[in-house]
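So, here's a batch of structures to check.
What follows is chain A paired twice: with chain B in the first complex and chain C in the second.
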Partner chain A sequence: MRKPKKPNKQTQKTSSTMQTQRIILSGSGGQGVITAAIILAEAAVLYEDLNAVQTQSYGPESRGGATRADVIISDAPIYYPKVEQPNLAACLTQEAYNRYSRSIRPGGLLLTDRHYVRQDPRIDAHQVPLDMHETVMKEIGNPIVLNICMLGALIGLTVLIRPESVAHVLERRVPAEFLDMNRMALQTGLDMVTKMTR
Partner chain B sequence: MTSERPNMRFIQGNEAIAEGALYAGLQFYAGYPITPSTEIAEILSRRLPEMGGTFIQMEDEIASLCTIIGASLTGLKVMTATSGPGFSLMQEAIGYAVMAEVPSVIVNVQRGGPSTGLPTAVAQGDVNQARWGTHGDHAIVTLTASNLQDVFLMTVAGFNMAEAFRTPVILLFDEVVAHMREKVVVPGPGEIEIFERLRTSVPEGTNYHPYLRREDGRLPMSDFGGVHRYNVTGLVHDMWGFPSTDSTIAYDLLHHLVDKLENRADSIARYKEYFTDDARVLLISYGSSARSALQMVVDRRKKGGKLGLLELQSLWPFPAETVREKCEGRTHILVVEMNMGQICHEVKKVVSRPERVFLANRFDGIFISPGDILRVLNMVQGKGV
Partner chain C sequence: MRKPKKPNKQTQKTSSTMQTQRIILSGSGGQGVITAAIILAEAAVLYEDLNAVQTQSYGPESRGGATRADVIISDAPIYYPKVEQPNLAACLTQEAYNRYSRSIRPGGLLLTDRHYVRQDPRIDAHQVPLDMHETVMKEIGNPIVLNICMLGALIGLTVLIRPESVAHVLERRVPAEFLDMNRMALQTGLDMVTKMTR
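Our next item is the complex of A and B:
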């Protein structure tokens, strides 16, 4: 296994003023990237007292094809709501990767799933390929929670917000019978990057 | 961990409209779902009946507005929501609500036009339609907002103005604001004043004149179908509500319909200012494009640029006095909007130096960015493209 590079220092949350985080989550329709974006932004607003704005590419082209959700998280007010150059991005399909990976801010963090995406080494970013799909299938057995696993990995890599905050949102949003599965997926994502950074 | 405030929500713009309407006392909604306003109907179809109100999905937009006009006359607070194509169909009934002076709230979440246009793309091309879409001399109230807290507040303000002035109020939002999610703090009961309509004190069995104005110009209402029988018409009408072709009555009625709003333009005006004190260049914007304008102003301020923003939240009656005053002494005025210059035209009409007014716009379905605005500013300042 090729060792992923360490995440950019700039993405680390500092004590008083945080750098504004511009995030693009992308994949194909049905993978839950928009849901993941809403959960991430809601957790930042309701449980971290931060500002967040979430938008998505919207339209007939977003069925199938490449789906994209934008999240901006900051302790300052957010005006322009779209992300032009993300410092954090996750791509869950090759098509999404091909379309959005080049827009990443040089030195940014680019998370992908090895099952779906073959990375292009020319991209100037800290590229982190993970076996999220494989691990979710092995440990949970349902690909429906891949998006939450991705969220866990993203939070584990960047210290964007605390995992508890995401867990609180899951408790509010996810139907009771699926809650445990989502909690496991979040932990799986966190564990994958914790093992990796050791 | 941070304690969660129970009234703090992370919601979509369309949900903020629905929540604002419920806060303002919405009791009756009739509508025909259309992108990008559909979530308003979806949310209210669940929430409104829970709160004892009525939700009807209509066969089309003409019926939607006609139905809420009828419901309003019976004493209910009413709303419908649509987008450009449906708004076009509503124009006849908007004129009726103006003429019959029926409190009503019409949400138009704008998308690309004309016709069915760009269903999923952002635009602000219905500004003049909100003003002049229905025929004949008249006045109208149109409100807008750029962030979701203000979307909530403007929705409440729209209901209050509809009831206070007995007029249709257009809430003119756009796709970006409607589909964006951000924080909204829902005020507690009583935190914002809610206006109730003026009802007549004329008792049952005594003649009630539905269109006999009090000295202050207001018209007390009697719930239709209640204790008084009266006529409501789109024709020019006398104090009984019956049709009249008397020129004195027609002159007086048209003056009343226009004056009741235009003479109060200053008190209806809603706007926000950012960095305007020492601004040499003033941006004027509204709705979602005001977010891009503000981003551009904040970014340029960090580099020493003397820029400011006037964000309009009421478009009609056009806040002419405010705009004229705020534009005085600026080197350049840049109107930022997503149409071919509908508000820019109004600004040019009211300022003393219209040659200093320029337009930064997009109308191709792409949300205008701070970079788009900066390119226009550089061009008009002679700095090249």
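Our next item is the complex of A and C:
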């Protein structure tokens, strides 16, 4: 299903046998992390010919208010769908950060939002704090698409999947009147990390 | 978090050590089965003091158009989150039925919609075909809440969770302007099976 296109820095796959990506997206109830996880999984499966599993595990801790959504993406079959040690994580609240940042694999990528999260320097991860909330509010004016901005930053920081694949899923899932706002949020997230890595 | 209330036929729990419920909700992309699965899992966790895991497993088969969402609900910890043999399943399209009805545990409950699915009598399950689509269109006039009607029927047919718990999740998740429609759909599903079992 993938259209042929010239590879560039942001879209090039490093190898046909990719490292399995274990991802935790976390935040509070209204921030749309489950939606972001579903979009990410669908993009990987429908437009990247990969396998994906997307899970919400609700134990006693989920009654506290932290929401967590797991995604595993792989070019091999996925037998165990729960993420124990993510190599990628995003935390959109301090509570989610306090709860999940310690489970990250050493050297893993940990994306946070400066508006919500104060980092703990003792965490053994590549911590990337971004002003996603502030930028979304300034450039789009609606906090509802913070989750899509986060997705843009996450895929911009990794070689996980192509931005176009996420855009295709947005076109399928998002009501027409909100599509432009979601596209802008995706691009905003991508731009924030492109500026960083240049 | 549960408020005390008199037990009645629809809400009474049979035992404090419940049978683990393994559920597959399936249909096509736009029918909201993933949303229904998330609502069911959240209702069980937030308002019934149960554990739940909700999973989307996307393999090569998911590119065909059938959507599948798994939910496991238990009063014990859940170690393996994927559903192999459900004891409850709902199929909202023929394709989903053809793909998933055979995996049901012998004697399990299999809910279908007569508008979309023609049953195979060879399936070893308690098959319950309902006119959910037709009833939703007649009484509510919008097919978008078929998934919530299905949820109403499913919890009405089992002692899974209380309808009020699903209603509470709807109040948290559904935008105000759509809440009444969703409440009506839940009640419609419950009424359809209450009539049946009387």
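Note that the second predicted complex is superposed on the first by the 178 of 198 C-alpha atoms of A that agree within 3 Å, B and C clash if a C-alpha of one lies under 4 Å from a C-alpha of the other, contacts with A are read in each partner's own complex, and residues count from 1 in each chain.
Keep in mind that, in the parts below, contacts are C-beta pairs under 8 Å (C-beta built on N, C-alpha and C of every residue); 3 or more make two chains touch, one makes a residue touch a chain.
Predicted model, so just to flag it, every value in this text is computed and none were measured.
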item: Contacts of A:I38 with chain B and chain C, given as first, second, both or neither; value: both
item: Which of chain B and chain C A:A52 touches, first, second, both or neither; value: both
item: Contacts of A:T194 with chain B and chain C, given as first, second, both or neither; value: neither
item: Contacts of A:I78 with chain B and chain C, given as first, second, both or neither; value: both
item: First (chain B), second (chain C), both or neither touched by A:E164; value: first
item: Chain B versus chain C as contact partner of A:Q19, first or second or both or neither; value: neither
item: First (chain B), second (chain C), both or neither touched by A:N98; value: neither
item: Touching both chain C and chain B, counted on chain A across the two superposed complexes; value: 38, 41-42, 45-46, 51-56, 58-60, 78, 81-82
item: Touching residues on chain A, where the partner in the complex is chain B; value: 38, 41-42, 45-49, 51-56, 58-60, 78-82, 84, 162, 164-165, 168
item: Parts of chain C lying in touch with chain A, wherever the complex brings them together; value: 1, 29, 34, 38, 41-42, 44-46, 51-60, 62-63, 77-78, 81-82, 172
item: Chain A contact footprint on chain B (complex, rising order); value: 1-2, 4, 8, 10, 36, 119-121, 175-176, 179-183, 288, 291-292, 294-295, 298, 367, 369-371
